[in-house]
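Order of writing sets the chain letters: A, B and C. Residues in each chain are counted from 1.
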Amino acid sequence: MGVIGQLPQAWAYLLQHQGRFLTLLTQHLQLVIVSEFLAILVAVPLGIVATRRPRGRAVILGLGNVAQTIPTLAIIALVFPLLGLGFLPSLVGLFVYAILPILTNTVTGIEDVDDSTIEAARGMGMTETEVLRRIQLPLSLPVIFAGIRTSAVVNVGTAYLAFFIGGGGLGLWVISGINLYNMPQVLAGAIPGALLAISMDTGFALIERRLSGEGV
Amino acid sequence: MSMIEFDNVTKIYDERTVAIEDVSFEVEAGTTTVLVGPSGCGKTTTMTLVNRLEEPTEGTVYFEGTDVQALDPIELRRNIGYVIQEIGLFDHMTVGENVATVPDLKGWDADRIDDRVDELLELMDLPPAAYRDQYPPSLSGGQRQRVGVARALAADPDVLLMDEPFGALDPITRENLQDEFLDIQSQINTTILFVTHSIEEALKMGDKIAIFDVGELVQYDTPRNVLENPKSGFVKDFIGADRTLKKLQVTMVDDVMEPAGPERRGLVDSVEAGQPAAADGGDLVPVSPTDSVQVALSRIIQAQTDAIPVVDGDDVVGVVTESAIRDHRAHGAGD
Amino acid sequence: MTVSRLVSFGHLAHPLFVGSFLQFAVDNAGALAHLLVQHIVIVTQAIVLAVPIGVLLGVAITFEDRIATVVLWLAGIMMTIPSIALFGLLIPYFGIGKPPVVVALILYSQLPVVRNTYIGLTQVDEAAISAGRGIGMTRLQRLWRIRVPKALPVIMAGVRNAVIVLIGIAAIGAFIGAGGLGDFIFDGITDANTAMIVVTTVVLSVLALAFDYVFAVIEQVLRLHNGEDVDLLFPIRVARSVNS
C-alpha cells in the first residue's frame, strides 16, 4: 500500500526537518488564527447589522452567497494583483473567504429567535440594544459558533494555497513534495494540517455542545 | 382619576385595515377589565396601545392622566407588566433571572432584586428554593405561565397587561391558574387589563367587561349587567344560549341564601357536628357566602337534596335552597 | 508596502486596466473556451460517478444509525484534508493529470451528497410513513414511494453544493496537470500576468454562479413538484407565465 507504507518515512522526514516544520507550522497557524479572528470581528457585527436593516440584509446576504460560490483559488489568486505576494496578502485572502459561514450563521441565528420571546422582551421595556445583548445574542450563540467552526476548519485547508502567493505555511512541503515526487514530504506537510483541522473541529464541537446544553 | 383612558381611539394598519374604531372607555385603578371578543375584533390591538407597542392613528390613550405619546415608551413599558399567550420566557436564563429582568433593567440593587424574586415566586406558588435556578424548558406549561406572571409583576407595576395568558394551557391547568390568579388579584392592588376570546373567562375574571365586535366597543359593563342587559344581538349571541347558567356563575350565594329555619334544624345540626350527610348517603359539602350560585346548585343536585347549608368559617350562616335559586332566576331581568 | 497597495487597489477599475482585461479575453478566447470545456468535463465525470455512489450510500446508512454516524463522520473528515494534499497523495496510485483529480473530486463530493440524502430520507413526515405502513407497503416500497420523492429537493440541494465545491477544487487540480481553468490561474501567478489572473478568475466564478443558479432552479422545480411553498425564481416565473 504505497502511501500508507510511506508513513514511517514521512515521520522520519518530519523529525529530520523539525526546525523547518515548526516554522511552517507557525506560519500556517498564524495565517489561520489571525484571519479567523479578524473574520469573526467583522462578520458578527455585519450579521447583526443585516438583521436590523431589511435592505442591507438582502445586499449583505446576496454578496455573501456570491462570495461563497466563488472558488477558493479564485479569491486567493485575485489577492495577488491587488496586494502582491506575502504574508499580509495571504491573510487578506483567507480573511475574505472565512467571513461567509460566520455571516450567514449570525443572520440565521438571530432571526431564528422566537418572535414571542422578542415581543415579551420589547413589551417589558428593553431597548433594541438590550434586546440584542440580553436576548438575541445569547440565544443565537450556538448557531454563530457553528458558523465559526465551519469557517475555521475550512480555513486550515485553504491556507495551504497561501503558498502560491508567498504566504508560507505547510503548503510549501505539499507542493514541493508533488513537484519532486517526494511522497514522504507531501505526507509530512498534509497530515499535520489534517490533524489540526480535525482536532479543531472536535474541539469546537465540544464547545458547541456545552453552549447548546446550558439552558436551552 | 382613572388609571387608563381611551378617548375616541382609532387604529388603522397600512392605511387599509381598521383594527379598532372610535373606542372610548375608562379603567379605574385597582380594577380588572377584560377585553373580550372573537378573533380579529381588535382587543389585542387595544391592549397594545397602552404600552405603546402600537400607536393610535386617531384619538388619545391616557395613562395615569397623561397622554402616552408624551411618555418615553421604554420607561412606560418598564412600569407596565406584560404577559402574552406564548409567554416568551427567556430560555437561556434561569427562572430567577427571568423574573429579575425588569428590576435589573431598572438598576435595583442585587439584594432588593433577590428578595423581590423570592417574594414573587412564593406568591406564584413556586417555592424559590426549588424553582429559582431551573430553566424554562424543564417546566410545565402551567409553571411557565406562572413564571411569566411573576416576571410581569417583578417591578411592582401599577398596571398589568395580559394577552390570553391562559390560552395555551389545558382546561384543568387553565382553571387552576384562573382561580389562583383571582386569589392573587385580591392581594395585589394592580390595575389589570386582560384580553381573552372566552366569554366564560371574561365573566369569571373581570370586574368590568369590554366586548368588542370587529373593531367596535359594543358594551362596557359589569359581568352582571352584560348578562342581564345585553345591548345587542351580537352580545347576546356572543354570551351564548346558556346565559341563564352563566348568570348563576356571577351571582353569589350571599344574594340568594336565607336564614336557616326550624325545618332545617337537622341539616344545621349535622354540619355543626361535622358530619353532614346527603340523601344518598354521600357527603354534603356546604358552600360559603362568596361561592357562586352555580356551585351551590351543582352541589344540591349532586347530593340529591333540596338545600345545602352556607358556612362562614365554622358557623352556619344560612341555607341555600333550590327553590330560592329558581325564584331568583324568575325575578332576574328577562332572558 | 501593502498599505499603499490597498489604498491604490481601486486602480484595477481604471479604464486602462479594464481595457487590458477585455483585450486578454478577446485574444485568448479560444484557449479560455478550451480550458472551460476541460473544466466542465472533469467536474461532470466526477459528478456522474459521485452522485449515484453518494445517494446509494446515503440510502444504505438510513437502515442503521450507528453506521450512519461513522460514515458521516468519515465523509466529514474527508473535507478537512487539503485538496492539494489529497491530489499529491493520490498520484502514486493514479499517476498525474486527470485521474487523481477526478478520484479526489468524487471523494470530496461524498459529504454533501451522502449527508443530504441521509437527512432528506430520515426527516420525512412520520404520519405519511405510518399511513404507508397501514396501507400495506413494505419497507422498500415506503422508501421508494414516500421517502425518496419527499427527499429529492434536499438531495438536489446536496448535489448543487457538491458541484460548486467541485468546480472550485478542480481549479486547484490544474496544478497536477489535470487541465481546466486553473491552468491559466497558476500561469498567471507565475508570470505575474494580472489580466490572465483576473479574466480567468472571473470566468471561473461565472461558471460556478451559473451552475449554482441552474441547480437552484432544478431544486425548486422538485420542491414545487412536492407542493412546497417557495418564492419563485425568475426562470420558473417566466416559464409559468408562458404556459398560462
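In the analysis below, a contact is a pair of C-beta atoms (placed from the backbone, for glycine too) under 8 Å apart; a residue touches a chain by one contact, two chains touch by 3 or more.
Please read these numbers as outputs of a predicted model, since none were measured by experiment.
Enquirer: Quick one: do these chains touch in a line, a ring, a star, all-to-all (complete), or other?
Expert: If you draw each chain as a dot and join those that touch, you get an open line.
Enquirer: Could you quickly compare A-B and A-C and let me know which has more C-beta contacts?
Expert: Spelling it out, more C-beta pairs touch across A-C than across the other pair.
Enquirer: When the C-alpha atoms of chain B and chain C are each averaged to a single point, how far apart are the two points in Å?
Expert: 60
Enquirer: When the centre of a chain is set as the mean of its C-alpha atoms, what distance in Å lies between chain A and chain B?
Expert: Each chain reduced to its C-alpha mean, chain A and chain B end up 55 Å apart.
Enquirer: So the centre of each chain is just the mean of its C-alpha atoms; given that, what is the distance between chain A and chain C in Å?
Expert: The computed centroid separation for chain A versus chain C comes out at 20 Å.
Enquirer: Looking at the complex, which residues from chain C come into contact with chain A?
Expert: Residues of chain C touching chain A: 1-2, 5-6, 9, 12, 76-77, 79-89, 91-93, 164, 167-169, 171-172, 175-176, 182, 185-186, 188-189, 192, 194, 197-198, 200-201, 204-205, 208-209, 212.
Enquirer: In their shared complex, at which residues does chain B touch chain A?
Expert: 51, 53, 74-82, 84-94, 101-102, 105, 135, 137, 148, 151-152, 161
Enquirer: Taking the touch rule as given, give the residues of chain A at its contact with chain B in the complex, in rising order.
Expert: 114, 116-127, 130, 134-135, 138-139, 214-216
Enquirer: Could you please specify the touching residues of chain A with respect to chain C in the complex?
Expert: Result: residues 2-3, 66, 68-74, 77-78, 80-84, 86, 88-89, 153-154, 156-158, 160-161, 164-165, 171, 174-175, 177-178, 181, 183, 186-187, 189-190, 193-194, 197-198, 201 of chain A touch chain C.
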